[in-house]
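Heads up: the structure comes next, in structure tokens.
For reference, chains read A, B, C and D in written order, and residue numbers begin at 1 within each chain.
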Amino acid sequence: MTSPSLPRALGRTTWAIPEGYIPPESNGPPEMLSHETACLLNTGGRDANVRITIYFADRDPIGPFNVVVPARRTRHLRFNDLSEPASIPRGTDYSSVIESDVPIIVQHTRLDSRQAAAALLSTVAYAE
Amino acid sequence: MTSPSLPRALGRTTWAIPEGYIPPESNGPPEMLSHETACLLNTGGRDANVRITIYFADRDPIGPFNVVVPARRTRHLRFNDLSEPASIPRGTDYSSVIESDVPIIVQHTRLDSRQAAAALLSTVAYAE
Amino acid sequence: MTSPSLPRALGRTTWAIPEGYIPPESNGPPEMLSHETACLLNTGGRDANVRITIYFADRDPIGPFNVVVPARRTRHLRFNDLSEPASIPRGTDYSSVIESDVPIIVQHTRLDSRQAAAALLSTVAYAE
Amino acid sequence: MTSPSLPRALGRTTWAIPEGYIPPESNGPPEMLSHETACLLNTGGRDANVRITIYFADRDPIGPFNVVVPARRTRHLRFNDLSEPASIPRGTDYSSVIESDVPIIVQHTRLDSRQAAAALLSTVAYAE
């Protein structure tokens, strides 16, 4: 099994996800916890230093949240887990902007398990 | 916690969402009300004056619906809540075009709770 | 209530939807019938003459399916309803290419009600 | 019923899907098996030789997985079914890059049936 010949950094350096909402409740076992995720793929040979800014409906944006995606790795980042400089309030509308110092690719996914049967949504984010 | 250094207005000024349908029924508590949303993110330093036009299958489009998204704010606009110059009929196929005087980013989401277990869909809208 | 000042034809003339599958079963009342839809929005002042080609895994493509989307109208076209030159088999993988003589915008949606609780997916189609 | 006049190869040659996760459990009959799919559409007149690379959070990428999509055919490829040079672990975050020697179009879909009521997500993949 050979490692692929792709040190190429695919993607863009600025992304946005207008939809954002962490459901305040969950049902089921831990792996079914309601969550909101940004999947960050770094196909290149250099680590990606990523800064995330969170926008709200009625107050100033917060950030940056600093995250590293190592070279040739993916990181499925849960907004639930962000804590520095603040945590994201549950049950609140928000949006995010994701900036990286090298090209990455971003996809947005939510698992909503407020009800016994979970629902999913996903979309490739907007690339500037 | 410092505010981010991003007065940059990301996005485009014309967007379209071909899919549109507000489910006529809902199940569950108020927060699970069936709804159709356009998430509008304005990352720039100037308020966005947004006009929305609604297209139907069998009659002339209606609008404009005028909405403001303040500078550096997000607005998760429910089509359910539009009332001026008209409200959007439930259980009816429609589409929307969203025009702004400054760049914004638009994502479309629906929560369908016609059944006991809700379903979700979402996609970044089409940018002209 | 004034009609909008948009005779502008937004979008592109060639679109593709790689995912295609009409669930062979449904649950619930008629409006919850499993279906696969292409939402076609024509914002311009001329009717759109649309031809759809369906691709399969193991046989030649079929088409064209001819559809008209009137000027300044939307059409949420169910693949279930196509019948000429053929109908789309249920429970079968397919893809579609949608070509129009004027620009349109296309979004793909599926409602899957094979189970008591329906699931939804949607994405703006690929524009060439 | 005539075959369409489209030997045109639509799409791009490099695609990426940052989200990837094969749910480790399923409910219901075989057709409701939890799965993760890349729908690959080749509208052109030449077979597409496709190589897929899988990225992980904490180890080197694996691949290439070699797949052929015949001319004028679609292939709804389940990541579950990949086995050479390795299989994709269940319940593990991953991403994929899809490269083809001719243009193709790629859409990503997941069916998650860990619960009695399945959930769906889908998005057109990112095209470089």
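As a convention for this text, a residue touches a chain if its C-beta (ideal position, glycine included) is under 8 Å from a C-beta of that chain, and two chains touch if they have at least 3 such contacts.
No experiment lies behind these values; they were computed from the predicted model shown.
Undergrad: Please identify which of A-B, B-D or A-C repeats the interface of A-D; the criterion is that more than half of the contact pairs agree.
TA: Equivalent chain pair to A-D in A-B, B-D or A-C: A-B.
Undergrad: Tally the contacting C-beta pairs at the A-C interface and at the B-C interface, and name the larger one.
TA: When the contacts at A-C and B-C are counted, B-C has more.
Undergrad: If you average the Cα atoms of subunit A and of subunit C to get two centres, how far apart are those centres in Å?
TA: Here the centre of subunit C sits 30 Å away from the centre of subunit A.
Undergrad: If you average the CA atoms of subunit B and of subunit C, how far apart do the two points sit, in angstrom?
TA: Roughly 21 Å, centre to centre.
Undergrad: Counting only residues that touch at least 2 other chains, which ones in subunit C make the list?
TA: Only 116-117, 119-124 qualify.
Undergrad: Taking the complex as given, what residues does subunit D use to touch subunit C?
TA: Going through subunit D, the ones touching subunit C are 1-4, 6, 10-11, 28, 31-32, 37, 39-41, 43, 72-76, 105-107, 109, 111, 116-124, 127.
Undergrad: Which residues of subunit A touch subunit B once you look at their complex with the stated criterion?
TA: Listed in rising order, the residues of subunit A that touch subunit B are 14, 16-21, 51, 53, 55-58, 60-64, 85-86, 91, 93-95, 97, 108, 110, 112, 114-117, 119-126, 128.
Undergrad: Which positions of subunit D touch subunit B when the two form their complex?
TA: 117, 119-120, 123
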